[in-house]
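Below you'll find the structures, each written out as structure tokens.
In the two complexes below, subunit A is the common chain; its partner is subunit B in one and subunit C in the other.
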Partner chain A sequence: MAAKEEAVAARLAGLTAGPGLAGPRAEARARLEVMGLPGRRDEYWRWTDPAALNGATPAAAKAAEDDEAPLFDALDRLKIVFVDGVFDAAASDDLTLAGVEIARLADKIPAWAEALYGTLEAAGQNPVKRPFAALNTAQATDGVLIRVTAKAEKPINLIYVHKSETSDPILHHLVHLEPGAELTLLETGPAGARFNKVMEVDVGSGASFHHIRAQGPDSECRAVTHIFARVAEKALFKSFTLTVNGALTRNEAVIEIIGNDAVAHVAGAALGDGATGPFLHDDTVFVTHQGLRCESRQVFKKVLKHGAIGTFQGKILVKPGAQKTDGYQISQSLLLDDDSQFLAKPELEIYADDVKCSHGSTTGAIDETALFYLRSRGVPEEEAKGLLVLSFLADAIDEIEDAGLKEDIVARLETWLARHRD
Partner chain B sequence: MTQEQDIREGVDRETVETVQNMGSYKYGWETEIEMEYAPKGISEEIVRLISAKNNEPEWMLEWRLEAYRRWVEMEMPDWALLKLPEIDYQDLYYYARPKSMATKPKSLEEVDPKLLATYEKLGIPLKEQMILAGVEGAENIDLSNRQVAVDAVFDSVSVGTTFKEKLAEAGVIFCSISEAIKEHPELVKQYLGTVVPQTDNFFATLNCAVFSDGSFVYVPPGTRCPMELSTYFRINAENTGQFERTLIICDKGAYVSYLEGCTAPKRDTAQLHAAVVEIVIMEDAEVKYSTVQNWFPGDEDGKGGIYNFVTKRADCRGARAKVMWTQVETGSAITWKYPSCILRGDESQGEFYSIAIANNFQQADTGTKMVHLGKNTRSRIVSKGISAGQAQNTYRGLVSMHPRAKNSRNYTQCDSLLIGDKCGAHTVPYIEVKNNSSRVEHEATTSKVDDDQLFYCRARGVGEEEAVALVVNGFCREVLQALPMEFAMEAQSLVAISLEGSVG
Partner chain C sequence: MLEIKNLHVKLEEGEKVILKGMNLTVETGKVHAIMGPNGSGKSTMSYVLAGRPGYTVTDGSAKLQGQELLEMDPEARAAAGLFLAFQYPVEIPGVGNMTFLRTALNAQRKARGEEELSAGEFLKLVRDKAKSLKIDAEMLKRPVNVGFSGGEKKRNEILQMAMLEPKMCILDETDSGLDVDAMRLVSEGVNALRSEGRSFLVITHYQRLLDHIQPDVVHIMADGRILQTGGPDLALEVEKNGYADILAAHGLTEAK
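So, the complex of A and B:
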């Protein structure tokens, strides 16, 4: 057996895949064997050491003592709870919702899900390989299968709970929005010591999908997550992620805009404090434009201190013929002290001439003039810094359309800032 | 129609002539001259032969062999956004020199008239009284202090260097590198390979093994080089690779401005060019390095052209050292080139201004690296990429702020312009910031030639291609302004020529 396949076999040893889907799982395993596990020499892993994700067993990670009220608690939503990757029926709501059909990967799999499972992941493996996503497709034990046929009555909230120090959950969710359908999907909480998650989202024409996710606050956990989205004509895809703490978080988003006049936004705000343990946060985003007159935005902000490391690898790929594309990408970091690092690779790859694409990336310390201004008006230093951090993150948070959800996220940020004052 | 009538109001004669001349590649002719070749292919024997041809000392041969042995183990890099054809390294000549150069001429008077005629035709002043050539309208400019010293490299050898005596008076050494190895071994030994080591990359290592000639400059402490220095590279022989090596040392408080130009004949088969330029800049010294790269780009169908794989790097070793790279890349079928700055000295500065134009089937992957190591270091990158036809043009760059590079600053601006829907424009910047007192800003935009601007020109009677040339020249202005005058004028007309046939 080749060394690559041996390494893959060693990685998969001890994992038990969920039931069914033999075909797509075998194909994913074959993809993984061809790709092999990633290493530092791989272009897209140059700044994030995948060693902790490659090991057969996860490093132990304690669950943080969390006395905060659950996020979005006041909101009327349908809760689906996973404790260390295991579905918790008692804590979850009944899986019925007007305008939506909900099933589980570990249960009877509906035909639409059989057809979709692994297809967007497989398509997203080119030109950049994403071995952990293939691993997920091959081995996922459970996940939620959501088919949206109309406007969902209320948001669905996937709630993750981390209790076991050695849990290693692999979840694979599918979301399929029929033409004109609407759904807001919330994801909250740390899912396990080491979490591997894939979500494939198929947004039909004219449909709209809002995704808001909050990762953390456990500081010892590791996570590698992928969103693979296919966005059809006049559809809307919006995803926002808040990350606080986490030893290693790699969030990949692979968005393929296939229809005309579609909109796709991906945003993220990350707060890392190395004082409570190592913090490495990696956003790897790949947006492909195939349709005419489409708009995409990538807005990523990171606030880092005490040796925290932030990474952004983003790409806008405009395929031949995708004229009138409006592509925008911004990645910014605020380094609160001298030990932290920001590493960025904002890429444009453009094969059509009538397009408007731009990207920007900045890194620096807090604006001393602005700080002085606030101080001179009697705002205490830490509070002033908090205000400046919030204003720095504003562009990313503004990507959340719903005012209530936005408020909840801001409140969570404020708590974090208050707890992590120097 | 008379010439006068032809020139409309608001369009100067130069623009009209430029557009009229927008024929083909101007420098595509070939000099018929008897050549002497080393056998085809690369091996230890060939490395020894090149070293022997240059009468090199033993240490130089050893250095080459060490590089060769490493190169054999290396693989051609594939990370650039280039479709690289298979290159058969055994199917080309690594050394070619005109027979008449077998015994090195003692002065320019002894140089084969055919060679002198070649450079005259190219507009390169090899006679010292010809102060400036290749610049239309030069006669109208006061040239009293615009002398340029030239080192002319023809295939594998340096043909001659002008103004050597005058430069020597100022203490400046300007000669071919083969001469420097013999005449100034202590300087060469001390600095060669210290900026671009033998192990640097596939093409640089290949160059270390087989470089045949190139230029050497040493500017002593406190000296402002009395004139611009320039090297002109000409590839003439067929199936021959050119591997030149340039070493510039600018000692404490010194200043030099250096120009580089290059052309090659039109041929159906592609040719390899793998050069290395090393620049060492000491405390308070400043080097300006300007290139107009106009190698044969291949024909409209993408046949032939030069494969240009170049490693250029400047090392600001002392405090307040300063380097400025300016490049106009219009030629070559393939360009793989990243002139870089290592900002080691505190308060040292690096600047990179680039125009890269790719038309027809040209492919360019070019940019810079700014490595900030010292405190209070500054860098600025302005890159303008223009793609037309079916060409692919990529900006690739690195800005790295090391933990001890406190209070440093970088500003990067990369703009791409697309002309036509078959070409591509790409941006691949790497940004690594490891301290918080530094500020890094990167901006990039991609757009097409603005319809309003074109319409404005067209409404005033400017022809379509001419209008595009005007708009493109405006797009590049920031970089064109950074060029020394001689080059700025040449570059401006080159921009128009390179885009010929890209409209309609």
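So, the complex of A and C:
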């Protein structure tokens, strides 16, 4: 016990939490002290060494020279910019948007946010411990508090700029959708040398939440992120993440479907090339069904080359009484050479008898027959491989409903592919 | 146009020899047909010409307009004007038929130093060609060959050929799996492409296709080489009598 607390104290030593929320922050710290920092002995950290996330300071990470046009540039959206985790008022739009109330964690905190802060994270600590999320709740310096009361007039884009080689931002966002409200939230950019982010999303009945995130392209950065979502009756939750590059990325999604007839989809496409630096990408997902007739989908795809490593730990838990659940999970990797590696642990735990749940996991290489077919039509080998990679990722990308957003994400992918030809 | 000399090919893995001294010349503007028993090496020859990995050429050469094909990448052979309509067209989930066609066409144009087609020009071209092959817009939107019927796949091969306008077209059993109407459509598609500067090598088991696409020359292939060459009558003779006599004349039995 003492050793654990000491390790936690050492980890938190240099950190200064944002103002307010003394109660929930103290509770989170207490949670963290009980569970301790993760180590490789922990079941959910067997494949991802948390050492680099446990250190008091981050390893230096250079900001990539980014000559690519910013993502979603042509889109009418409300921009909220953080540079190395520090809110940049000048680069951000006014935080006013029809149908939405926006505040900041570092500012005056509205009552609804006081009540929500840390609660979904705390609930998501069972049965799997998520120490970095508790650390985040205790220590977050800033974040965006979004309350959606109607259909948001336009998407909100959280833009994370990485400049400092040693930045170590901890951001905590809250999103609360009132019944029937609608929001599309975009997150883009690498954020800092080491980024810890938690987002708690409370989706009210009949509300819909679309989340599209693009991580990267900085090769040396590390990130540990959590989404904790609570999905009410007839609500829709959809989250898609594109990751390109990154020394270590651990994305956890903890989704609790509490109402009937709700839908929750979480998807990801990750591309890593060990030739431009180490790449380890970890998706850890936990979907709990409590309501009747709910649908969940997990679609995760990874494209790996030159020693890149991908891992997936995904679970569907169907609680007693959650009848007519339709749960689906697929995790797949495309290994572009023999050096790369994909590890997957799909889990189903079902306590209701009238449900439909399936899961699958595959690891494969480029289909040589398809490659030859394309080349025989004149498509050069590398371009043909690019097409086949896109075709491999299609199921995940198709989880993005908005055609324009999808196009932008595909353009990102194409740029990455063009830059990582052999 | 195409000149195959003394071509010997074995499988890369193992010792199986498939082509055993194949000789064939297709003149510019001509239509040649190849018939031959199952397993005689017709598809293998097409694949080797198109550059499919997995085969080792142990001897011989294959030239397209004087250029040695066997040393080129498959995409370079395509850009040089070679086209193979596959016996078994490949399904590519997740790649739209349109994207595929446009990527292929523009890649070839680029390789030849020609200007790429704009989205508008391409669309007009593909719609026209698809219409004459009775390929509907919905099929163009679907992933390449995925969920296509056997006949649809073959028509899709001919659409690709019509779009890419190759100089040397090899059709490997394009008639198999086609109903009577589709056979006529496909043949019309091929005949529309017949021209002075373009040659065809039509691999088939049936005279019926050759009623529609009339060949100038017919070859009989067995045991990895051309046994006999003649005019259109040769196909009729095979249709009537089978291969037994021809094989016997070369000391081969039907079972090889």
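Here is the rule we go by: the second predicted complex is superposed on the first by the 421 of 422 C-alpha atoms of A that agree within 3 Å, B and C clash if a C-alpha of one lies under 4 Å from a C-alpha of the other, contacts with A are read in each partner's own complex, and residues count from 1 in each chain.
Heads up, the rule we're going with is that a residue touches a chain if its C-beta (ideal position, glycine included) is under 8 Å from a C-beta of that chain, and two chains touch if they have at least 3 such contacts.
Keep in mind that this is a model prediction, so the values were computed, not measured.
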| item | value |
| --- | --- |
| Fit or clash - subunit C, subunit B, common subunit A | fit |
| Superposed model, angle subtended at subunit A by subunit C and subunit B (C-alpha, nearest 10 degrees) | 80 |
| Which superposed partner A:Thr369 touches (first subunit B, second subunit C, both, neither) | second |
| First (subunit B), second (subunit C), both or neither touched by A:Pro346 | first |
| Which of subunit B and subunit C A:Thr276 touches, first, second, both or neither | neither |
| Subunit A residues touched - subunit C or subunit B, whichever exceeds | B |
| First (subunit B), second (subunit C), both or neither touched by A:Ser391 | second |
| Partner chain in contact with A:Glu381 - subunit B first, subunit C second, else both or neither | second |
| Subunit B versus subunit C - smallest C-alpha distance in the overlay, whole Å | 14 |
| Touching both subunit B and subunit C, residues of subunit A | none |
| Subunit B contact footprint on subunit A (complex, rising order) | 43, 47, 320-321, 323, 333, 335-338, 340-365 |
| Contacting residues of subunit A [partner subunit C, same complex] | 367-370, 372-381, 383-384, 387-388, 390-395 |
| Residues of subunit C defined as touching subunit A within the complex | 50-53, 73-75, 77-79, 84, 86, 89-95, 99-100, 103-105, 107-108, 111, 143, 160, 164 |
| Subunit A-touching residues of subunit B, taken from the complex the two chains share | 79, 81, 401, 403, 406, 416, 418-448 |
